[in-house]
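Multiple structures follow.
Here subunit A shows up in two complexes: once beside subunit B, once beside subunit C.
Take a look at the complex of A and B:
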């Protein structure tokens, strides 16, 4: 019996071909557009979060107690090297880096600007955050007095590869010290505060320049998927300021939450309108065939079979729309994932906002599963009102009336 | 045709109501969304322009791209004399900017020190209004510093404390002096408040050997919309190939671009809603028209032309759209107007987005009749486009086919 109902539902679905095609196109176009937008927004947020983690704070960062309130070299982690060694052997820890930073003045022969000097070890940074991927020009070379500079700071100071800069700051004894550096590389981390202000030098050179012991650091950053690690570290080192990525970057958390809210609202509105579209078509399609259903009831067909047939009709049309939408959506997402959306004509703005000029989309299975669930639900719900009409039908009256 | 269209609208209540509601919702959504987007952009721009950047700024060519002491404007007074003759210029002031190291006994920090003309600056920018403690500068302030609160915190100083300055003078020699903290400002711009200090230009000129010199001359104009015209007049009047007069559109290119990108994303999201709604309106229109094929067959067989049929369909959608727009526009306009006067406040948003130059928790809407007008026009265009396919569908039937259609 089910086979017969399925066959009838299939044939009836295409009885009014233009109408059915319009619904299929509506579902497919809206779904593929929605998937493209969701993927692009998610991709943008994920990219910013990923790069922000890799370039700076990792999943967890440790500072001396007052460092974040008062960014002073006096507020430094004194036994950072031994803490690093202890953390590295903890369960789930992927990488740990030590960094030494100081605020100061960076000057060229013509321009000056506020800047942050950051002492790093390239090998550790590469393991931690694939630092070489941030390189926009030049080479990753911190030997002797070489430096790597953030792209926005380079723009502000009109620096090129090979340019000479002077960085001045207070050392640990309070004396004003200056160091001459040669720009060997320009990086774009898409972390605005780093790209706008930071100049990277070899950690050992900075230790000497600031007259700070080599075991000291201003920041310890950890990459780890272990969710227990934060509380464990807080227990282990109560005298230090230990923060998770989102605690350090509440803006990123807010951005991620806003993306989820925005995508959910978009999803809800689009699905509601799609539901209205399917409802209209199914309602008219059923009303057109009231006599047919009356005859079917009259010759003894049970209501439940008619109900199944109508639901199947709606599901078939919606499912075809979904399939077409999924194919189009995959194509859009794959394109955006592979080639991205090129906004290089707005490069200045995007870079200054910590975004890449080419935005790549994320692809998640959940996009397709949640849309599938929503469309099928909309398809089933859309026949609920017409079905109530069919249920109340008196076969004899309907057949007579239509005559 | 018009009265027939009206009768049809009343007869096919389901289709009419759906089209009306969808158009009503999309009109409100579209007008309010665009108003919010434009309002937040305008607010960002106005905030930025009010704080420090002028509507127009005059530079010596090369100062912005290369920089250095040879790119300061040499003869400020002769330029300012000419500027007072330009129609549309409200006020102007010269600024001498340099970077230097400010230090106390314990702490030091880099800062941009700007020598300003306090009286003129009061008219041009809002830095005097951003005072939170102490006093703003005047012509007799001498070595008084007016410093951003972020920088004050960084240097751990309080009013009347002394700060040592070391920098490079205009002739490339070392310049050093002791300044006194006389006033603290807070504009809300995180970067600005953490890096900038002001001092009276007359005093600073003596220290920097920069008498009658300036980094640039900043101008305020009567009406921002006339900025291009005023800028053209200034360029013509200056008639100096060594100087360049730039409007805020160039000076704040990054912000202008950022707003354009934001608008692109906003319109992409809006396009999704409008396209889905367009499809549904088209589907309902199509269902309605396809159920009236017989009626159209009769109408054509009694002498109605295709253009009459088109008119009928057009009137139907036009009346429905107009009804929805008549109801939606006052509501949407009121929302825009209300929130343009009473902006939405999201506590903490400026602190969260301080790195992005957001300085206020307020999100004002923009109330512009022109914008509302083009938003509504687009809704009309979309709704009219939605009946084109149903019209061609009807047209594909001959009168006999249409009358026999079941």
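Take a look at the complex of A and C:
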């Protein structure tokens, strides 16, 4: 019997071909657009989080106890090199870097600005966060007294490649020292605080400049997908300040939550449109065939079979719409993932928020599974009202009406 | 056997426009009858047919179908009764447009849960009897009115119901097709032993049935 009901549902689904095609196209277009928007939202958030991790804190960062409250060179991790070696061999750890930073004043002949000097090892940073990908101009050269500067800081100080700057700060003994540096490269990490304030120099040069032992560091950053690692490190090093990425970057957590809310709102609106679309078409389709259903009831067909047939009709149309939407959606997402959405006309605004001017979409299987369940649910719910009408149908009235 | 005892039916009960459509109907129809409810339009013959077929309820009285009281049955029980024991032929054929003639004829048998082989052989047997065996794969919309009505009769009879209720089955047919349909239904009545009750004011049916039950103004004459 089910085979026959399925056959009736299939044939009835295409009885009014133009109407059915309209619903299928509506579902497919709405779904593909929604997938594109979801992908862009997620891609934007993931990109910002990824760059922020790669350029700075990683998944976990370790500081000396009071360093984040008082960014003084005295608050330093003294056995950083040995800690790094111990962490590197832990399960799930992908990369570890040591950094030495100090706040100070960067000056040119005409301008000066607050700045943070960050001592890095290019080889480690490359392994940790593909540092070379941040390079916007010049070269990755920290030899001798070369420096790489954040793009916003370069703009503030009107620095170009080859420009000379003086960086002044207090060394470990409290003396004010200055170092002359030549800008060899400009980087854009889209991490606003880094791009606005940071000048990168060779870590060893900075150690000497600040008179700090080479085994010391102000920050140890770790890339790891191991969720247990944070608590493990906290147990292991109770005297250090160990924070996860989102603890260090609450704005990123907020942004990620906002994206989930935006995605949910978009999802809800699109699914509401799909629901209303299916409801409208199914309602008209069922009203067109009230007599047919009345006669079926009259000759002894149980209501449950009619309900199954109507639900199947709705599900068939919606499923075809979903399949088409999934194909279109994959195409849209692949394009946006590969080529991105170029918003360079809004470059200033986007960059001030730490966003890329070209947004690349993320692709997740969950987009398709959640949409599948939502569309099938919408298909089933949309026939609820028309079904109530059929349930109340009096076959005698229908037979009378035909005369 | 069908027995009706003091059956009354009202439309718009307790309203100013109340209509007493069946008035104290007492009637016995024996197994294998080939009978007609006859009378002018609005006399209550369709209402009586619907009441016997458990399509409609009555306000008072009792209706027995093979000694089973049907007026007290629930909606689901009435649906089952219609499915298992009664065949219907309507004026407007009412075939399922998306199903082939073969599927339409076997539709009720499928609802009853008959096996596919049983359905196939029965459908072919009835289609042969009603001379529509060459049209089994066609869709109803490709058939003439006479052929569609024969498919409707085949659907009603295929499941071997105890009784077939035919409401104005010839209303949309010309006299030639009407005569053919009546002849075929009589043949079914004789061969299959199924009781057939018509509700019609068609003189042609009146001439061919074995018993005419006349009605006027909701009452039997």
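Quick note on the criterion: the second predicted complex is superposed on the first by the 403 of 403 C-alpha atoms of A that agree within 3 Å, B and C clash if a C-alpha of one lies under 4 Å from a C-alpha of the other, contacts with A are read in each partner's own complex, and residues count from 1 in each chain.
Operating definition for what follows: contacts are C-beta pairs under 8 Å (C-beta built on N, C-alpha and C of every residue); 3 or more make two chains touch, one makes a residue touch a chain.
From a predicted model like this one, the values you see are computed outputs, not experimental measurements.
Legend: residue contacts after superposition of the two complexes on their common chain; A:331 is shown touching neither subunit B nor subunit C.
In the superposition on chain A, A:107 makes contact with subunit B only, not with subunit C. Shared-chain residue A:385: touches no atom of subunit B or subunit C. When both complexes are overlaid on chain A, the residue A:258 reaches neither subunit B nor subunit C. In the overlay built on the shared chain, the residue A:281 is in contact with subunit B alone; subunit C does not reach it. In the superposed model, A:12 makes contact with subunit C only, not with subunit B. Greater residue coverage of subunit A by touch, when subunit B is weighed against subunit C, goes to B.
In the superposition on chain A, contact is made by A:26 with subunit B only, not with subunit C.
The intersection of subunit A residues touching subunit B with those touching subunit C, taken from the two complexes, is empty. By the touch rule above, subunit A contacts subunit C in their complex via residues 1, 4, 7-8, 11-12, 15, 291-292, 295-303, 305, 395-396, 399-400, 402-403.
Subunit A contributes residues 16, 18-19, 22-23, 25-26, 29-30, 33-34, 37, 71-72, 103-115, 158, 168-170, 174, 176, 192-193, 196, 250-251, 254, 262, 266, 269-270, 273-274, 276-277, 280-281, 283-284, 288, 343, 346, 348-350, 352-354 to its touches with subunit B in the complex. Per the touch definition, subunit C reaches subunit A in the complex via residues 46, 50, 55-56, 76, 79-80, 82-84, 86, 88, 90-92, 94, 96-99, 103, 107-108, 110-111, 113, 155-156, 167-168. Within the complex formed with subunit A, the residues of subunit B that make contact are 14, 18, 22, 65-69, 71, 98-101, 103, 105-112, 154, 166-167, 191, 194-195, 253-258, 260-261, 264, 268-269, 271-273, 275-277, 279-280, 282-284, 286-287, 290-291, 352-353, 355-356, 393.
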